[in-house]
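Note that the chains take the letters A, B, C and D in the order they are written out, and that residue 1 is the start of every chain.
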Amino acid sequence: MIGSHLLSVLLAAGDTAHASDHGHHSAHFPVALPTEGLGYAGLVLALPLIAMILNGVYAISGVRSKLPAWTTVACLGTAFAVVLNLYLKADIEHPVVVPLFEWINLSWGTGAISAPFGLYLDSLTLLWMLFVTGLGTLIALYASEYMESDVGPAYCRFFGGVSIFLLAMGCLVMGDNLLTLYLGWEGVGFASYMLIGYHFTKPSAVAAAKKAFIVNRIGDLGLALGIYLTWLHFGTLEYSKLFEMLQADGAMAAAQQAMAGGWEVAIIPFLLMAGAFGKSAQLPFYIWLPDAMEGPTPVSALIHAATMVTAGVYLLVRTFPMLELHPAAAPTVAWVGGATALLAATIGMAQYDIKRVMAYSTVSQLGYMFMGVGVLSTFGAAAHVFTHAFFKAVLFLTCGAIMHGFAGQLDLRVLRGLRHVKGWRIVVWTMFYASLCLAGFPIISSGYWSKDVILAEAFANGRPILGGIGLLTAGLTAYYTFRVWFRVCCGPKPDDHDLAKMMGDDHHGDDHHDEGHGEEDHHHHMPHAPKWAVNLVLSVISLAAIGSILLVPEHGWLEHMVAKSSGAGGVGANHHDLPADAGFWADPHGWMKYVASTVGLLGMAVAAWLHLFNRSAADRLRATLLASPLKAVVRAMENKWYVDELYNALIRMPLKIKGHALHMLDRYVLDILVVDGLGRLPKMIGRTLSPLQNGVLQSYAASMAGGVILIALLILVLPMLLDLLGGAA
Amino acid sequence: MSPLLLILIPLLSAVSVAFAPRGVAFRVATISTLVTLAVSLIIASDFGHWYDDGFGLVTELSWLPSIGASFDMHADAPAMWLVLLSTVLMPVCVIGSKTAIKERVREYYAWLLVLEAAMLGVFLAKNLLFFYVAFEFTLVPMYFLIAGWGGSNRASASIKFFLYTFTGSMLTLAGLAYVAWRFADASGGWSFDIPALTAFASVDLSATEQFWVMMAMLAGFAVKVPLFPVHTWLPLAHTEAPTAGSVVLAGVLLKLGTYGLFRFVLPMTPVGVVEAVPAIGALATIGVVYGALICWVQEDVKKLVAYSSVSHLGFCVLGLFALNPSGLQGSILYMINHGLSTGALFLLIGMVYERYHTRDMNRLGGLVANMPIWSAFMVFFVLSSLAVPGLNGFVSEFLCLIGAFSATPDNAQWPGLLGPWYAVFAGTGMILAAMYLLYLTGRLVWGPYRAPPADKNSGLPTDLSSREIGLLLPLALMCVWLGVQPSGLMRTLEPSVERTLAAYPELVPTQVESMAVLEEVNGG
Amino acid sequence: MPPASVIHACTVLAAAALLLLLRPAGSTRLRLVGAVVGIGAFTGILAQLPTFFDGQVMPGGTFFLPFALISVISAVQMITTSRPVYAALHFVLVVLASSGLLVTLGAEFLGFAVVIVYAGAILITYMFVLMLAQQAQSPDLEDERPTYDRFAREPIGGAVVGFLLLAFMNHLIFTGTGELTPGDADPVPARLAAWERVGNMPGRVMELVVQVPEYEQALLPEGETLRVVPDPDGLAATVTVMLNDAPSEVRLQGELARLAIEDNIRGIGVALIEAFPVSLELAGVVLTMAMFGAVILARRQIELTEDEKREASGLPRIGHHDDPKGGEVTHG
Amino acid sequence: MAEAVVPEVFGQLALGHYLILSAFLFAIGLAGFVTRRNMIVMFLCTELMFQAAVIALAAFGRFHLDLSGQVMVIFVLTIAAAEAALALGLVVLLFKRQPTLDAEVWSEMRDV
């Protein structure tokens, strides 16, 4: 039933999408109005909250079953149902605001800060919430099996964290003002912190969690400052009022006014951008995301691939009208996205840890999305978010399944021939399909459609260099994606002995504490294939990924959804009415389909050559390169371009040294020298004068007389001095 | 119900605790603080001036009528909130000390109760002398608490604490006395009535007089806050104080400084304030960053939290001197929030200390393995301290920063003398707060478990006992409540804040002009 | 040379002279030089006085200088001699000379009182103590006297401090006395005050009254206070007394009242009782307390070991020389 | 001879003469107190300073034709007597402890 509805919307939208094209930079979109009667939308937030509280209760009462997982899955599933219901009920043309309760509401005379806790339900919100809650439910289901060895307090903690994440993500996406968004923004940061640091006994996990939070905070400062400035300039933080204001005088007019109004307004988009870059792991903040892979794989899939990291894209699409407050804002986004995409792809090529490859590929794909926003294609960005969510979730979940089955083994140099091992079929083939998507295999992969839009829009927007970078990155992506798949799933069939050798020898990220695990020995010697929950989830998400092909093409359902939201300015912004006799190359949307397919296939072919047909060639190539003058480049790529080390040397260490220096200053100069010194002053005076107290009577008499003389001199000299001073004055 | 009860109950119970049998001292103190809390709640519910700028609870009690000294009391909404903060924190302190304090119990609880009386006296005083006596009298019990039940370095800590703050407040006394003298000179009779003196000083003192009076008052209040660079007594005092002492110190005593700034400096010497705002703002901002950076290299947990107070109170002062309602409201809310969350952090650290007798992060770590409930609370209050939205810290920090941000001279309604740069610079404190607080949790809560053998004699379970949970839970709930529903509280602050700031919208432009003239003169 | 510099130069000279005199091993010739310089400086300062000052003439006349010289010379002798007993005797000389000055100043009672109290009582006590303390010492041989008597302690410091103070006082005397008002600048109020004082002493008034021949038989008015009503100019007063059972007015001349006051002993008595009653009481208390104090101090027993007692009285110790705790050994 | 010389050099006697004499005596007394080591002589020096005060007081009294000066002298005498009694008592006591009159022996009250 739902499917038929989607189909009808899809077909209907195809006709109307063009109508939304109002020309360059002045796309109008409906602004939400407060409404009654949709109060149950609050359930989307309430259900994860309930799940969170229940998980806390379970943790305290020592539940040692899968109850937390089922509770969470039930709550999140219900939340998904509610979102679906909202979507079916909602009128895309008339978004609404659902006020829940009053949060911050201050006013003084004419000034006011108002941030009611309300839900802004428009197409963009619903789009995001649909895949967030949907994937959340599925991945929670996956985790119920994946995390089963941890049943107990840690299990509760995990699902509590997932619930917090969904709650915060709900606030982020559904909040009807920037402060609520900020609430969710920090909330997802915290959830991510908790979940990355899930294996808290591992120092690397704790450090990764800390790093994620702190790097995010840097971006958050930008976001916060952007929110302050927005409030200062526009006097409100509520989207509906903000959009009304921005649309009233037209975005261009607003931009001109902003330029006249001074830098305080002009930098708003850049500040918001900084927040987005932090959350979505773009340059220069991307460094936290690869480390975040320390978290359990479901977390990586849900938070660090599918949903949370797209919050930056959401923010920019949501505040797209504000992006036009400065003409350089959108190009900045585009270039940062492009640069990140390329940089991360180059790093991803040279990693051996499959989860890390996926992490860098996420960073790279997020770069595409930002490129999409930057070239004024919110539709492209949103479409890529949507498709990427599914296929990247699959990739991560399959990586997780492998890691789970092989006791933490993630090295693609070790793993091989999974295709031939019993019980891994679903994993292998869902992974294959997801890899196709990521590589942008023509027609049948969802990634192909969404990526094409972005690349084509880049050319249409008049940024061929960026488009070129995108294409290059696409090739690289195809290469490293299939490098992983060919390495892990293909190759000679491993016998039992080989399989045992493949097992991870450490507990790296393994989620096992092995307490009460009867088959411990077996575990360490032989891989175990995933069970029904993992396979079910993989299949469902893969089907969803296939299904998304139907939704993403141009003028389809997704474009319609975006066109009716605040991202409207980025739908069709680069469309120009082409003359009928324009050549093939005049419309990038036309030729990109072919070019991108070619590039993707080329990448796959190279991967196949190096990693499937000629598995030792890769090593030889590496050896050749290392012997050549390109040595440094290869090493740098393998070491992630030394960015972490650079940041450490440029930011962290100086700050740490400053901290130590200031502490020394505080302790020795301020406290001991100044304060204690001043405190010692009376003592020193006393010590100086103490020889006068020599116990000899005559000295006392002499000093007494001396005192009298001093007083006498004072009496005599003071009037003279005063006279002198008076005379001088 | 008379507000006099708020001071008399703790004071009388202090006397009775001091002479009660050893065994009942704790019980008497607990009951006394709980009764005081109940009384304060009743008084607060009857308080008639929540939504206007008036003073309620006016009570007159003569002391030395000839020189105008009295024990008169009054309170406006901000004062009432701080009274509530104090009465809420005191039972927590008393109950929290049950197992930690095993020797000289009677004296200990007696001093705590005296401290409560003095603190409430500060917030309720209507008479300047009464205010000052109470303000100074907080030092005495605190001194004894540190010196008597403190850590290994308690002797020097207590002396430094006492002398440092005392020296500062002597200057404050001089400034206030000057105002009183000028008032007596002008009106022909001594009076120490705070409203009268405030009205007099803000209008009748010349610019130079206001400036120096402000500097004198600032000397005492800034030390108490503590504002960079007069903060160095704080880490030592905090580190050495017993847990309850730290809680009160962070929770309430520091607020005496900011309360003094709010109650005296801002309304009394507006002309002086506008001259000093950029400098004070700069000090506050430096304090934010400075304190945070120092926190980040601490090994002693308690010292870390102590330095975090320096950082946090920098926000508070920045908000105060933004000279606009958002800053001031945020600042007052900050006082309450900081009291709750930092108080709770000290309490939590005290609980660990009771079990392991160390606060060294090199020796403690991964406590979540042994103490999950404690860790949950720790993470919660760290988040609150981090100003994560949805918890209490966020609203106040947000408002302080937004206040500083909008405090530009060209702001139409509330011109100020700070501006975006102060806010941006202080805003980096948000990042640094994340750094040091996560460093704290990363070392203490997470990571591989390491701890010295637990003290078998402490009589405490491995994780928190129900008594301890009972202490922390109300604080946590208040944090959530203030984070989710701050508007009710904020609305009560509005009128008083606007009354306090009444003079500034006219003064600030004048100051800006005179600064411009000065610049021109210097430039030419 | 301006007089101020002369005065300060003289002060410096006087200090130098004192220094010469204080030198422990100073030769007689040096001492002589010191004495001459000192006396010269002293008289030099005195000689500057007329140029500064022409106020009221003080009594004393030719007696002043001898007495002054005696007292100053004796004072210097007192602080420079190495024999404490001589010092005490020189002090007696100072007291005698100053009592002479007191007498010339019209303070006869004090002149004698000072001699009696100081020279008679206090100095005798000092002598007793001195002799008590120096019983074992031979005062005749210079070298055998204790060093603390022979050598002055920090003579320069002492001279500097003393004479700095002197310079300051000189400064005040030479610049400040102009502001003082002599006592009888305006005689009328003084006379009226004298009458008032006398009026408070009925017995004294009656003595005056009966000196007038016609009023030899006069009596105090019964049940009434005696009223002395001075004339506005204070030269005379009217007193109402009882003569032959009837009130009668008698005129007393101003001279009588002056006499009544200027009779030194009576005057002091009146002033003491009248103007300083509380101080008088306090002085009594001080004396009483001093007496108690002296008694208590004198009764205080010092626990001395046998050896210490022997040593104190100049006898050799009994204990072994190589035993540091010899005293205790004897007890054991 | 004296009658012939004195008026010439000194003119009429004035208050200043007495005051200068008093100042000299006081200064000598002070110098003696500081320089002498014998406790008894030191006390004598204080008595000398008292004498200086006595002369000054008497001279002022005469100058103002007021008996208060002389009354003060009586108080000075009182104090001097009291002081002598106590001081000598103390000296005796000290002498009993340590058979010397050197004041510097008794310097236990010194700092350090």
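One rule holds for everything that comes next: a residue touches a chain if its C-beta (ideal position, glycine included) is under 8 Å from a C-beta of that chain, and two chains touch if they have at least 3 such contacts.
It should be emphasised that the depicted structure is a prediction, and the values quoted were computed from it without experimental measurement.
Of the two chain pairs considered here, A-D and C-D, the higher C-beta contact count falls to C-D. Our note on geometry: subunit A versus subunit D, Cα centroid distance of 95 Å, whole angstroms.
The geometric centre of subunit C is 7 Å away from that of subunit D, both derived from CA atoms. Distance between chain centres (mean CA atoms), subunit B to subunit D: 63 Å. Between subunit B and subunit C the centroid-to-centroid distance comes to 67 Å (mean Cα coordinates, whole Å).
Within subunit B, no positions touching two or more other chains are listed. Subunit C has residues 153-154, 157-158, 161-162, 165 in contact with two or more other chains.
Residue positions 30, 33-37, 103-104 of subunit D are each in touch with at least two other chains. Pairs of chains meeting the touch criterion are A-B, A-C, A-D, C-D. Those residues of subunit A that touch subunit B in the shared complex are 56, 59-60, 101-106, 108-111, 113, 153, 171, 179, 182-183, 185-187, 190, 193-194, 197, 200-201, 203, 205-207, 209-210, 213-214, 217-218, 220-221, 224-225, 228-229, 231-232, 264, 655-656, 658-660, 662-663, 666, 670-671, 675-676, 679.
Contact residues of subunit C toward subunit A in the complex are 153-154, 157-158, 161-162, 164-165, 168, 171.
For subunit D in complex with subunit C, the touching residues are 2-3, 6, 9-21, 23-38, 40-41, 43-45, 47-48, 51, 54-55, 58-59, 61-68, 70-71, 73-75, 77-86, 88-93, 95-97, 99-104.
Only residues 690-691, 693-698, 701-702, 705 of subunit A touch subunit D when the two sit together in their complex. Across the interface of their complex, subunit A is touched by residues 160, 163-164, 229, 232-233, 235-236, 290, 293-298, 324-326, 329, 366, 368-369, 372-373, 376, 379, 383, 388-390, 394-395, 398-399, 401-402, 405-406, 413-414, 420, 423-424, 427-428, 430-431, 434-435, 438-439, 442, 445-449, 484-487, 490-491, 494, 498 of subunit B.
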